[in-house]
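Right, I'll just put the structure down here and ask away after.
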Amino acid sequence: MNFIDRLTTINRKIIYLVLAIVIVIPLIFPSPQKVRVMAPVEKLFNAVDTIHEDKALIINFEYDPQSQPEVEPMGLAVLRHAFKRRIKVLVMSLYVQPLGLAKSALDQVVGEINAESKSNPDSIIYGRDFVFLGWQPGFYIPILGMGESITNVYKTDYYGNKTDTLTLMKQTKNYNNVELLVSLAVSDIPIYWVAYAQNRFGLQVGAGVTAVSAGDFYPYYQSGQFTGLMVGMKGGAEYEELLATRLNIHKRRKAGETLSSITFAHLTIILLIVIGNVGFFIKRRKR
Amino acid sequence: MLLNFLLLTVGIAPPTGVRAYDAPDDGGGVIIMEWQLSSDDAILDGYEIYRSGNAQDFEKVGYVGKGTNSIEDETEDGKKYYYKVTALKDTLRAYSEISLPAMSSAQWINRTKLNVLLAMLILGSIILYFVFGARKGKQLFIRKIAGLQAIDDAVGRATEMGKPILYTTGLESISVISTIASLNILGEVAKKVASYNAKLINPHFDPIVYTVAREIVKEAYNTVGRPDAFDEGSVYFITDTQFAYAAAVDGIMVREKPATNFLIGYFYAESLIIAETGASTGAIQISGTDAIPQLPFLVTACDYTLIGEELYAASAYISREPLLLGAIKGEDIGKLIIGSLLIIGSILGLITKFPVLNFFK
Amino acid sequence: MPSFDPWVWVSALLTLAIFSFLYKDNPFYKIAEHIFVGATNGYAVTFYWHNVLVPRLFNPLFQGHQLWYIIPLTIGILYFTRFIPKISWLVRIPIGITIGYFTGIAIPAGIEASIIKQVGGTLLTSENFARWNAGPLGIVWSIILFIGVLCVVSYFYFSKEHKGVLKVTSGIGIIFIMIGFGAAFGYTVMARVSLLIGRLQFLLGPWLGIIR
Amino acid sequence: MKRTLPLILLMIFGGFGILPFFIPHPKIQNIDSFLRNDLLLILYAFALVLGLGSLLHVHVNKIKHRGQNWQYSWILIVTFIVCSIIGLFGGVSGTGPLPTRIGNFPFDIQTIYLRVEVPLGSTMFALLAFFMASAAYRAFRARSTEATLLLTAAFFVMIGILPLGDKISHHLPSFAQWIMDLPLVAGQRGIIFGIALGALATELKIILGIERSWLGGVE
């Protein structure tokens, strides 16, 4: 078994172990990484930042357990941003599975803010500052229905209250009272918001997506249909950076903490591809 | 201080050019109010909007900050409304003249969507022309997809080596286009397998697709005139859970050592597991899918990959099925239209001042 | 300091059961996978009932006495005729209605979002040049994008052999496609790795208490 | 009758789907919002329940006929029943008639979701990182010019999007962003045109009753 043979037949289990180690070490000994913010994330941040106080922001939580680690940091970041700017927030999901994660993200951020707030005005009150609309089936039915009347689609909210009794819903009839919708999704659901809600009602749409579907989104970002785009853990880390530098919100940077592990994992995978190809070409020349 | 003194004596300039009109292309109930900003706009607090039904008694209906020169007012259709705007600075007000009356109404056609209507009619009629043409037996030419040659060579290689051929139709149901395309190609591969007396292994994820595939392979053996050689065990259903299917197919690759693997259909993340084991056994691998997220991995792990529409074209080429052929020919013409729109639109946009982009907003 | 919350231990054991698939497909993995499908659908049933069937159908029909809700109710029940062989064709009525409506809304939406707006984003116009906000360089990028899109479309043109001009343009087209796939490949690696990091953060943090 | 009635319904509702895009008049919009919010919403809910029914149907059959791995189907069905009972009677946020906590041990549907579904779901996909690593070593070869181009672009993006890329040179992140903004958009846009035209062809064939496979969708 000379070196080349050993090089080309590394056991799969060893590769798994190497990857796990390479990820765990930077988690145990964290080294903060300087994040450089690129245009697509900055555009989304500015779009959220410039929402007028008489308009609302809809956050569409569409990530599920399978993609929670990657997209949840974006959800937490946008929620912290909106509540810091006292922007009115509506939260909803088009599928059932994301509901639980939308609720846990909301509970976490609202809990954080209300724990620090002293008086009523600067704490986040359900029904006044935000409403958790929950879920209605039919996918296109809520997307199109909210263009005419949100309370007609979501007659009851997640908790079962009648939505037309909530103060925030009285001033947020439909997309005309919504300045931006940010869709945090695992598949190409944000493209449906553009194809159906933006085309018919002129709704401004931003997106935060898993890196897996990055390729599908850039054509719609380049054509201006998306007013901003966060992609994968890096996108979340960039938004967290903007929260810190622009609004000095210094909460735990869930996305930022993973960047050194991602760096070492990427280097490992690149190395594996190189080794694999070196072995492959040497063997091919021998044959 | 001096500024306030001046204001008190001279007063502020009123907004001018007040105009009210029914909002176009909408369901009615909205009047748009526009005006030229007051020359003192910079120091103003904002503008108040007044409305009246009879041009006498006005009531305030809106307020906007300075620098804004229009507002949308919700109104009742069919009623006349007069408007005027006041520039506001603390308690000082400067009224504009009264606008001509306006009435909101609903429209039956949204003119901003005429480009979509036009595109729908043109592209739709072209596609239908070819689909109906193909059904009437019109001969339609499609080039031989390079991938089909790769398929023939791969089947030939396996039969020379006397090793089996593995074929998987992906993880989607019978109603998905790429599954149907994969079944068409399976029929072609099965004919070659039957004529060369090679061994086919066809494990399935979806029970309905399994039943259809079994008929196709059996039919292939009949058309080649060797109905008795059809092996019942070559087409079978394994499991309907994603990773269990991938693990089972890996097991077959390692045990049976097929010389050629076909991964054609719709795949999810498990395609990586299957393609990896196939590559490590040294088999020739041909993949074909319209699952865009999986294509990058299949391109690097397989010897040949049919990308998206190439899979549809390959299945149309093989099956000569009128609906498929007609659709692909119609779509080809659609691509010609898109190409020419891009070229002509760009030329117009560059040379003339013609607002080309408005057609594509 | 490892956690004493029983739920954290349940989550950790389920996580390890799934990871055991790395060694080989085994009973623990199969148990965990079947629990997942059962829990997912049990969770979904909760919302079908509380969010839709009760507030949108049963309340208006039975409490609100809006009797015309009988129509959607009866058409909906037709779905279940699928299991009754003699009248199973009736299931085609609700299916026909839903497929018809959702196909109808898809046609204009797809044309506008994926053809018209995409053509608009590719046209060589001053507005598109400025969109790159790279000054005069924007013109170069727009031209490259313009050529790239035309070549990629020519690659998927099936009515003529790839010879002569078409051979050149589809050759250029495949280059753009492959670079695009490379970029998507890179991002997908980041995505998969991020998910693994998320799980290891859970095992090391809330479960074993090694990290914050 | 068994085929023509569903096809007629399909074409009528197809029209109801297309018209509101072009006609803003309230007469059409009101019909459209009635169809959506009342009729189709409820049909969709029934379809979801039907989907659930067929899943349980498959697993019950597996147990009856002792199909492969039938024992695990029991686990699926039991988990489903337990979770549905907790969800239906315990209520969405644990406020229903059924008590959803013993002492301070909660077992409402949201806790089960966060503590059972989330770890299972995210770990299932975390496996892919391991398979990615072993496939990188065993399968991803620069076997053709296309594959070489792909791996080179992947290399620049994988390094460029990381803080490491920024450290190596300030141009790397912008080069990685350029790859996403230009070649990727050109490649994807060309593919999008093809898919959009293909979708249009399929939708027209369905709506005009040329493509009738959905009719045969009855076992």
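For clarity, chains are labelled A, B, C and D in written order, and residue numbers in each chain start from 1.
By definition in this document, a contact is a pair of C-beta atoms (placed from the backbone, for glycine too) under 8 Å apart; a residue touches a chain by one contact, two chains touch by 3 or more.
Just so it is clear, the model here is predicted, and its values are computed rather than measured.
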**Request:** Kindly work out which chain lies most centrally, taking the average of its C-alpha atoms as its position.
**Result:** C
**Prompt:** Looking at A-C and A-B, which one has the bigger number of contacting C-beta pairs?
**Reply:** A-C
**Whole-Å gap separating chain B and chain D, where each centre is the average of the chain's CA atoms** = 16
**Message:** For chain A versus chain B, what separation do you get between their C-alpha means, in angstrom?
**Reply:** 22
**Request:** For chain B and chain C, let me know how many angstrom lie between their CA-based centres, rounded off.
**Result:** 13
**Request:** Mark out which residues of chain A touch at least two other chains, giving numbers and ranges.
**Result:** 16, 19-20, 39, 66-69, 97, 100, 136-137, 140, 144, 160, 199-200, 212, 214-216, 219, 222, 234, 262, 265-266, 269
**Complete:** Shared-interface residues of chain D (touching two or more other chains) are 21-22, 29, 40-41, 44-45, 48, 69, 92, 113, 117-122, 124-130, 132, 134, 138-143, 146-147, 150-151, 154-155, 158, 161, 180-181, 184-185, 188-189, 191-195, 197, 200, 204, 214, 217
**Item:** Residues of chain C whose C-beta touches two or more other chains
**Value:** 21-22, 30, 33, 37, 40, 43-44, 47-48, 50-52, 56, 102, 105, 107-112, 114-115, 117-118, 120-122, 145, 149, 153, 156, 177-178, 180-185, 187-190, 192-193, 195-196, 198-199
**Asked** Looking only at which chains touch which, which shape fits best: line, ring, star, complete or other?
**Response** complete
**Request:** Please name which positions on chain A make contact with chain C in the complex.
**Result:** 13, 16, 19-20, 23-24, 27-28, 30, 39, 66-70, 96-97, 99-100, 134-137, 140, 144, 155-156, 160, 191, 194-196, 198-200, 210-212, 214-215, 219-220, 222-225, 231-234, 257-258, 261-262, 265-266, 269
**Message:** For the complex, give me every residue of chain B touching chain A.
**Reply:** 292-293
**Item:** Residue ranges of chain C in contact with chain B within the complex
**Value:** 21, 25, 30, 33, 37, 107-108, 111-112, 115-117, 119-120, 122-128, 146, 149-150, 153-154, 156-162, 177-178, 181-182, 184-185, 188
**Request:** Would you pull the chain D residues touching chain B in the complex into a rising list?
**Result:** 21-26, 29, 58, 68-69, 124-125, 127-128, 131-132, 134-135, 138-143, 146-147, 150-151, 154, 188, 191, 193-195, 197-198, 200-202, 204-205, 208, 210-211, 213-214, 217
**Prompt:** Any idea which chain C residues touch chain D in the complex?
**Reply:** 6-8, 10-12, 14-15, 18-19, 21-22, 30-53, 56-57, 69, 71-73, 75-77, 79-80, 82-83, 88-89, 91-111, 114-115, 118, 121-122, 132, 141, 144-145, 148-149, 151-153, 155-156, 173-190, 192-193, 195-196, 198-199, 202
